[in-house]
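Listed next: structures, encoded as structure tokens.
The same chain A turns up in both complexes below, where it pairs with chain B and then with chain C.
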Partner chain A sequence: MPVIEYIDAIRLAMKEEMERDNDVFVLGEDVGLKGGVFGTTKGLQLQFGDQRVIDAPLAESAIAGAAIGAAMAGMKPIAEMQYSDFMFPATNQIISEAAKIRYRSNNDWDCPIVIRAPIGGGVFGGLYHSQCTESVFFGTPGLKIVAPATAYDAKGLLKAAIRDPDPVIFFENKKCYRLISDDVPDDDYIVPIGKANVMREGSDITVIGYSMPLHFAMQAAEELSQEHGIEAHILDLRTIQPLDREGILEAVAKTGKVLIVHEDNKTGGVGAEVAAIIAEELLYELDAPIRRLCGPDVPAMPINPPGEKHYLLNKEKLKAAMLELAKY
Partner chain B sequence: MAKQIIEITMPQLAESLVSATIERWLKEPGDSIDMYEPICELITDKVNAELPSTVRGKLVKHLVGVGETVGIGAAICLVEVEATGATDNVANPVIQQSEAAEQPSSPSTSRPQLAGAGSGGATIDANAPMRNRYSPAVQKLAADNGIDLNRVPGTGEGGRITRKDVLAAVAAGAATFGTSSNGVASIPVSAPMDPKTQVRSSGMHLSESPRIPSVETQAQEAPGRGEYFIDITPVRNTIATKMRQSVSEIPHGWMMIEVDVTDLVLLRNKLKGEFQNREGINLTYMPFLIKAAVNAIKDYPIMNSVWAVDKIIVKRDINISLSVGTEDSVVTPVIRNADQKNIAGIAHEIDDLARRTREKKLKLDDIQGGTFTVNNTGSFGSILTQPIINYPQAAILTFESIVKRPVVINDMIGVRSMVNLCLSLDHRILDGVICGRFLQRVKENLESYNSDTKLY
Partner chain C sequence: MKQAGSVQQTHRHIALGLTDERAVEMYKTMMLARRFDERGQLLQRAGKVNFHISGITQEPSQVAMGFAMDLKHDWFLPYYRDYGFVLSLGMTVKELMLSVFAKGEDPNSAGRQMPGHFGSKRLRIVTGSSPVTTQVPHATGFALAAKLRGEPSVAIVTFGDGSSNQGDFHEGCNFAGVHQLPVIFVCENNQYAISMSLDKQTRGRICDRALGYGFPGIRVDGNDPLEVYRVVKEARARAVAGEGPTLIEIMTYRVTAHSTSDNDMAYRTKEEVDLHRAKDSLPVYQQYLMDAGLWTEEQEVKLQADIRATIDEGNEYAEKAAFQPVEDAFRYVYAEQNGEGQ
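Up next is the complex of A and B:
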């Protein structure tokens, strides 16, 4: 089984789906000739032509709006937002149109679009190139939101998203692009939307998260296992909307101590909803207060390196929080 | 001979004190100290005191400087003593303390040996801060498996029993950690209390809204018991709240004065028949008393005030609260601007308020805004009462029974109609001198009523 990078897994998913289905096309800023600012769509225009890999104007609202219209007319568009930070001009299209059209038209219309948007910091990009915007869309019924942490999940989830009959936001972590690589099978597979995945089995504490911070959790878990004999159970949500309630409850019940991590800021984040689900369903399995380790509630990722380091999660922060919870 | 350094700590000098300040050291480092010998002088909010030594030895070091304030229990100096058993129970040896401090710092290393903790001779520190904090998971597991948590060692932070500790105990077997000798899985000793059970630490629970009695006040006969229960009515609850607030917040002072009201009695007897015909209401002594009190308040306006911690609020309006009792309660309807009314006017107000109180037709407005309370306790035949101030007013005056008594006047004995006036006062605002003068003025006013006094 070949080991490939996270970014290649995303490109492969788009390539294979475009080969499989002529209705699938890509549009976004610089996705064609340049192949995307990160190289995610490299080679696609060469293979599929400029009618299926479209360089769009610098207008996210138009990118989303055109994609929504095409989707309602029967196409399967993949709209790329160059950075999730740039997505806000398109929020009205996404939240008011894409998310609601099936409900509003009583099933006469649907909107099978995928919106890809890179999230996350750690690239010295400052406030316009580092945000995690998932909490803006989280809690909007009608939208599905996925945020893979591994190359395997990135490919499988993007394929599932493209084939899904409803709008799916695909938050890929730009820090993961070249940093993360893992086994990705050659054959056509999908990762079902709405299913969490146990990344590591353990009995002392449960760590729940999505996207990049899970890798810090995995590294910290290894060290804690060797140094303290603490075994962490790590759950990758993979899909943050709809949340895998059963998966969450099962993972928490294993240890009774739960730490929720994400890079997005703490207040109003996905972790708050996960904590609420646990609190509602699982009081009698809890052995410690539910803990969250998230980005601080500041307006934006600082651009100065020490500030960015302070903002971002890392292995040491995860390890300290996990150890504290294990000792509790 | 073995020497030992011990700490002298700040003692609890009085019940409510949390700290004390070193005023002066009486012993310097190197000085020898005898048992009970003063080592320093302390200043506190309540007392200034010398601190006697609890040991015999040599002062090694001051830990707290002159003028510094330290909390109760803090070490203030080190004393070198000879290591005999006798002193050990008086003060804590430093060495023992440092050992104790090291104990809780090892949970991380002890964690991998968790499984062994149950079967081995693990010690249980019943005083560990988190020892009795059971998580829901721990309680559930203990209840499900019949584990007595008192016997399970805790390896969590602060000695907390973790879910894993209980699982280890379950694995070790109920024989070691079971709840009781008969082996039945029952609720642990420290089972959580039913949240619906009211916890009453003392007295009535005044924060909760009172239950309104369903049909009648007396009910709920508990069979086979020599008692029965009466539900607290809303008005009873209000009275209780106000009375408690008054008694606990206001330092009550009390005075009494004796007044010769012989002339007032004659005056009233002369006027009451005509008044009844003309006004349709009974003429009591109360309007006369209230008029006398109001005129005295005008001379001593401080009687008409409220304590506001950083200031005293003196009310310009004189609104007299009148205590009106019914079978099961007491209310204080208000005669507004009593200083602007004549005796007949006050008589009408009293009659109206008393009637509406009995008919339960008082409006909220009728019972608010009082500035001084007058209570006609004499109607019960009482000659002496110690009234509770109508919070937040400054004073309350009672008018006792008028009784005929032999009184010495000009070295002759005469039969006079005498009455006692009792005054409870907020001693934060008022003192004996001002209240004495006030009572004297009320007495003068009452005694100056005569057959020429006009009601209108």
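Up next is the complex of A and C:
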């Protein structure tokens, strides 16, 4: 099984789905010959032509809106938002339109659209090239939201998203693009939407999260195991809407101590909902208060290196929080 | 053919490619829309329904639009005053009544949405929402799909003058212009966005904005339905020939308040409204048909009786019809497997 980079897994998913289904096409800013600002769509226009890999004018609401129209007409568009920071002009199209088309038409119309948007910092992107915007869309019924942490899941979840009959936002982590590589089968597989994944088995504490911070948790868990004999159980949500309630409860019940992590800021984040689910269902099985380790409640991270580093999660922050929880 | 030397009068509708039957059918649809609209207002004032939003005096141009399109292949993205438009596309009074009463059988939304939020896949009428202008980029997307699939479909989208100021109008037009898509953008300029008169919204002519997107923009008198028909038909021909989009600005006037929740006398005068009401093209078009020998007083009497019966029947049916069961109220957030609830 070849080891490939996270970004290549995303591209491979699009390539395979476009080969499989003529209705699948990509539109976005700079997605054509340039292959996107990160290179995610590199080579796709050469293979599929400019009719199926469409360089769209710089106008996010039209990218989302035209994709929504094409999806209602029976196509399977993949709309690329250059950065999740820039998708807010498309928010009305995503929340008022895509999310509600099936419901408001009583199932007469549907909107099988995929919106890909890079999230996350650590690339010296400053305030507007670093944000995690998932909490803006989280809690909007009608949308599905996925955020893979591994190359394997990136390919499998994107293929699932493209085949899904409903709108799916695919939040890809830009720090993961080149940093994360893992085994990705050449063959056709999907990772089901709505299913969390146990990344590491453990019996002392549970860490629940999604996207990039899970890699810090994995590194910290190895050190805690070697240095303190603490075994962390790590759950990757993979899909943040709809949340895998059973998966969450099972992972928490395993240890009775839970730390929820994400890079998006703490207040009103996905972690708040995860914590609420645990509190509703498992409060009396907990051996410690629910902990959250998240981005700070400031508008966004600064570009200056000390400021960015101070903002972001890392292995050390995870390790300290996990150790503290284990000792509780 | 008449003898050489005599002058043969060719009626306008024939010159435009409309048969006598179609020209008469247009009139019947306009009148049906008018009477339906009046009934909707009455029902709201009588407390039978919660809300009505009117398109009175805009119907002749709306119907003309519908008649200029290909119902088998085209896509229709109406806005909330388009009763005349959707009736010309095959929606029935009974279906509209079910929507007005918000009943379960309403094909537009099963009584989930306000009246005037049209949608019917069967009729290729695309589901719409309340935040205005979102349908404009959708029309661009439908046209994009038609182009990608090589289908002879044209998307036609309508919106008000207020909507022409939204970003989605500009973004949707620009995208369609760049990609030369088969789409017709129709601004039904009734000169008011709720209380905001046109001079508070724009200094220029809305049709002129097409210049900036690189396609034709045409202003047409909404009180001349045959001219509206001609302009839309030509725009459609350009679209299917691969010549790209057209922006059409239909000049009309909103003679009713914005909706049954609005008192328009707070911001305009009765004299102004009366002036425009007098320009109503429905009687003008009726007279045209009479002058052409296609319509008589007797036919008019019969039409009014038929329409009354159709509306009464739809009204009665919808009033008695059931609401969507509350057990189904939360269905279809997502696709359901095996047709069962989640």
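Please note the rule applied: the second predicted complex is superposed on the first by the 328 of 328 C-alpha atoms of A that agree within 3 Å, B and C clash if a C-alpha of one lies under 4 Å from a C-alpha of the other, contacts with A are read in each partner's own complex, and residues count from 1 in each chain.
Methods note: a contact is a pair of C-beta atoms (placed from the backbone, for glycine too) under 8 Å apart; a residue touches a chain by one contact, two chains touch by 3 or more.
Bear in mind the structure is a predicted one, so any value in this text is a computation, not a measurement.
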Overlay on chain A: chain C relative to chain B, clash or fit: fit
Partner chain in contact with A:Ala326 - chain B first, chain C second, else both or neither: first
Touched partner set for A:Thr267, first chain B, second chain C, both or neither: neither
Contacts of A:Asn304 with chain B and chain C, given as first, second, both or neither: neither
Inter-chain angle, chain B to chain C through the CA centre of chain A, in degrees rounded to a multiple of 10: 100
First, second, both or neither for A:Gln47, with chain B first and chain C second: neither
Touched partner set for A:Gly74, first chain B, second chain C, both or neither: second
Which partner reaches more residues of chain A (counting touched residues only), chain B or chain C: C
Minimum C-alpha separation between chain B and chain C after superposing on chain A, in Å: 32
Shared chain A contacts, counted only where both chain B and chain C touch the same residue: none
Parts of chain B lying in touch with chain A, wherever the complex brings them together: 107-108, 111-112, 135-140, 156-157, 160, 162-164
For the chain C and chain A complex, residues of the former touching the latter: 75, 107-110, 112-113, 117, 119-121, 126-127, 129, 131, 134, 136-149, 155, 167-168, 170-172, 174-175, 178-179, 324, 331-336
Touching residues (chain side chain A, partner chain B) in the complex: 203-204, 228-230, 255-257, 283-288, 323, 326-328
Chain C partner contacts - residues on chain A that touch it in the complex: 25, 51-52, 54, 56-57, 59, 61-62, 64-75, 77, 89, 92-93, 96-97, 100-110, 141-142, 144, 165-166
